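Chain lettering (A, B and C) follows the sequence in which the chains are written, and residue indices restart at 1 in each chain.
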Amino acid sequence: MNYGPLLFLAAFFALASSWCGFVLAPQLQVGRLQQTNTLSGGATYPVARSGLAQQGLQVYRANGCAACHSQQVRQSGTVCDVMLTEAGTNELAVISALLRLKCGSPLTETERQAVSTGAGERAPPVMVFTEQDARGMLTRLPQRVRQGLTKPEADAAVKELTAAGAKAQTWIVPVGPDIARGWGRRRTVAEDFLFDYPVMPGEQRVGPDLANVGVRLPDPNWHLRHLYAPGTYEKASTMPPYRFLFEKRKVRQEPSPDALVLPPELAPEPGYEIVPKPAAIALAAYLTSLRADAPLYVAPLTVAPPAAPATNAPVASGATNAAPGAPAAK
Amino acid sequence: MSPEASEPAPTTPERAEPKAGPRAVPVFLLILLLGIVYGGMIYFDRASGWFDPQVYAPYHSASELALYQPPTGGLDLSRGKTVYDNICALCHNTDGTGKPNQAPPFVGSDWVLGSPNRMIRIPLVGLAGSVMVKDQQWNLAMPAMGAALSDDDLAAVLSYIRQSWGNKASVITPEQVKAVRAEIGNRTQPWSAQELEAIH
Amino acid sequence: MSEAQLSGPLPAEAAEADASSRPVLFLIFLGAACWAVLGSLFALVASIKFHAPSFLAAPAWLTYGRVEPAWRNCLLYGFCIQAGLGVALWLLARLGRTRVAMPGLVLIGTLLWNTGVIAGVGGVLWGDSTGFPSLEMPGYAAWLLMLGYLLIGLSGVLTFHARRERQLFVSQWFIFAALFWFPWIYATAELLLVTSPVRGAAQVAISAFYQASLGTVWLPLVGLAAAFYFIPKLAQRDLHSRYLALLVFWMVILVGGWTGIGNGAPLPAWMPAMSTVATMLLAVPLIAVALNVHRTLAGRWAGLKAEPALAFVFAGTLGLLLAWVLKMALAGADVRLPIHLTWLTPALEQLNTYGFFALVMFGAAYAVLPQVAQTEFPSRLLLWLHFWLAVSGVALMVVPLGAAGAVEAMRLQDPATPFMAVVKSSLPFLRASTTGDLLLLLAHCVFLLNVAGLAVRFYRPRAVSAYADATAELPLVEANP
């Protein structure tokens, strides 16, 4: 009896199984992804990067930046905060609701964990022990009155506050060490890479994650100086200088507007200037275009409504949070 | 025990090729295999979202993901905008300011900012006859949209109207639309302004 | 044993098989040794850059992001796959009691393959990398590689077809599947990632599939084919169990390709979940390999001390077991900790390629080459030197990287630790791993020396006599070494 062909077929199917699972299926599911809408405002997401940034992506690829930098923010969980926006007319009822809900009371263990791993950009909750504190809380609205709840808990709290005549909302807050570090507001999903080729999520974090570096460090000139001399921002940085992306040339009649502004120890001798080559400018444009933080259905989060004065707060505080780490070894 | 390649002269004939013995696979290994498959299925069931392309870790299932969507209150008006731009904007203008001799404005209108119950009724079967909007008399016929738009779409577009161009009224939920629809039954005759003013 | 001895190939057949593969095997192993040396030079440069970022930073082609993939590609394509193909061909001929079919094809294929690696590594250094890990070599090199592989593979399939021994040994299963698997995955990856790329994050899935299919299917198939043959052969035993070996075979081809997608990948949850389950299933082949090797060697452990080839193959097999244990541990821990973005990932990769595959291939080369050349290596001491350099090099590279990764993973968990502090805490470990890189460079030089020494020892008398023939125009008795 010759089992050869049968065995050959069996081996073929065994090998084909993983091919179907991780080549065919992803192509059918993820490869056909279309643009989607963000949760707030319904803007189209993602939009293609500018032509310059796309050239910069090729510089990023050619120089193997992905060998040291990942572009994948991880999220270990999602918690809910209760955001009190308006106290309404019946202040007493709201205060008693706040006290009943133990708003801002010393954190429970789970809350503490959620906050310690995910509260990088969030203000510490105000402690409410007495009616006095609750009254004080109402003077500083909008205010996160409870943090780190599950969705049903938060919804119940919101309902109770609403019943007391106040206006409150459940805020969806992704948490995790990466997010606490200021590397992003939510996890990275397939949509973030829709228009990129090649997609380089990276394998390692020798340097910081870059998924949202354009949010943290939106200034292309920062990136140019950093590429030229990483040591200027962080002395112990292990990032190699990319001087081959720059040229040193004689100042003609007027200094070039693109010339780097460098500290004296790095500046070239008088009469010369350091000018980024087109590749460096493109790379900086690509880096500043990296912002994968729009709230999406697949990765929900609540962002401050655009009209509120706190619009820029998450971005700004995210940047300051990232400051100790971000310039580090980039 | 002398190693083969070292001692014999290079020209010595080859030793025999090894054969593979016939010992069976130990049973514990097969049990382990079944155990891992079983545990793996439990893990997969819990963590995978069953091949749903929208479920990413840390979410475990489509229903959990749906639960963690931010409340739409005032946040997601995109659907309403789409419906508005396609249908309402023809007469009421894209910025809700209305068009002379076609339709009254929405911006700052009491009909819009007032009771949801009243507002929901208007698109369901339409409005005919004379009506006062922002101190101006209009005498036109608003066609019925109830058959053309679902509860979800109506809720979305009404919420959009109540929250756009400076309007700041509460959102309208599909449930509210459904309730009103049930209340008016199979009426097809358009409302008059007097009838609506009686509703709060 | 006695039965085995009876059914062995006739010496004449063995000699015939060996003679047919001799020139190509020398070519393949010399080529592989050169790539290993070049690769570890790149590795050393890349490693030094961590302690001195401005070391060789001026020329674009020596920047870390180019040198690092150049090293990995030299090692994978230049050394691992090339040596693997050489050993596979020899095993197919030997186990089939036949000669290597159409050695001319293999010769051309090997030349094409090496040209491809030259073009590919050159392309990476030039800045033409594709950006996909383990697949960095640009499209123009891929054509050469593919063609070269197909020619060599064709010869392999024909050799298998022409076998005179109808009874299959387990190694033939492994090799036969591997011969087909590489063009399949390579063509898939090249077509869908480079030639006409798929859209968006689907690239991430396909790239992960390719990496796993190469590292967890192809390398184990070929490496275990060699281990399951050379361990019993060199220990003068039969392989303990054919069924355990076949269990390994089926598990690896069924499960291996599913193991590549990490938990943080920007892909729907079912893909990493599936990968985690598949990785856990590796426990079964892992135990099966361990049992089979242990029982085969039971009572013959002294052979390890006497025979460097056996020591190499055994150490390599141990490396595979460790790599799979580490892989399972990472997959399990990664569900909670973002562990796969740390130094543990390269530690695992290098354990798999150096600690397992390269070591097995060194052992196979040391077992095969003296037979095909009918000549001993010039110095056994150098073989042992190579062994100890390679093993300590692998250990010194992998252990510190793993430790660095573990520290990094734990410190990254705490957002209060500044990122720079995390980087600093991994530097001492990286220093140790640079020593490992240095030892491996020395080891590869010794390997090149050994193979070249044997080639010289074999060809020199023949060359001398041919030269004498040609100049003296007198018939001479062929000189024996």
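We adopt the following convention: contacts are C-beta pairs under 8 Å (C-beta built on N, C-alpha and C of every residue); 3 or more make two chains touch, one makes a residue touch a chain.
Note that the structure is predicted; figures quoted are calculated from it, not measured.
In terms of C-beta pairs in contact, the better-connected of the chain pairs B-C and A-B is B-C.
Comparing each chain's Cα centroid with the centroid of every protein Cα atom identifies chain A as the most central.
Inter-chain centre distance (chain A to chain C, centres taken as mean C-alpha positions): 39 Å. Note on chain placement: the centre of chain B and the centre of chain C lie 50 Å apart, centres being C-alpha means. Centres computed as Cα averages put chain A at a distance of 24 Å from chain B. Touching of two or more other chains is recorded for residues 29-30, 33, 76, 187, 189 of chain A.
Counting partner chains per residue, chain C has residues 263, 266-268, 274 touching two or more of them.
Counting partners per residue, chain B has 51, 53-57, 59 as the residues that reach two or more other chains. Those residues of chain B lying in contact with chain A across their complex are 51, 53-59, 65, 67-71, 73-79, 81.
Of all residues in chain C, those touching chain A in their complex are 49-50, 53-54, 57-60, 63-66, 68-69, 127-133, 136, 177, 180-181, 184-185, 188, 192-193, 197-206, 208-209, 212-213, 217, 250, 253-258, 260-261, 263-268, 271, 274, 336, 338, 340-343, 345-346, 408, 412-415, 418-420, 423-424, 427. Those residues of chain A that touch chain B in the shared complex are 25, 29-30, 33, 37, 39-42, 75-78, 80, 151, 169-172, 176, 187, 189, 295, 297-302, 305. Here chain A touches chain C in the complex through residues 11, 14-15, 17-19, 21-23, 26-27, 29-33, 61-68, 70, 72, 74, 76, 116-117, 120, 177-178, 180-181, 187-208, 230, 234, 236-244, 324-326, 328-329, going by the rule given at the top.
The touching residues of chain B, when paired with chain C in their complex, are 1-6, 10-11, 13-26, 29, 32-33, 36-37, 39-41, 43-44, 47-57, 59-60.
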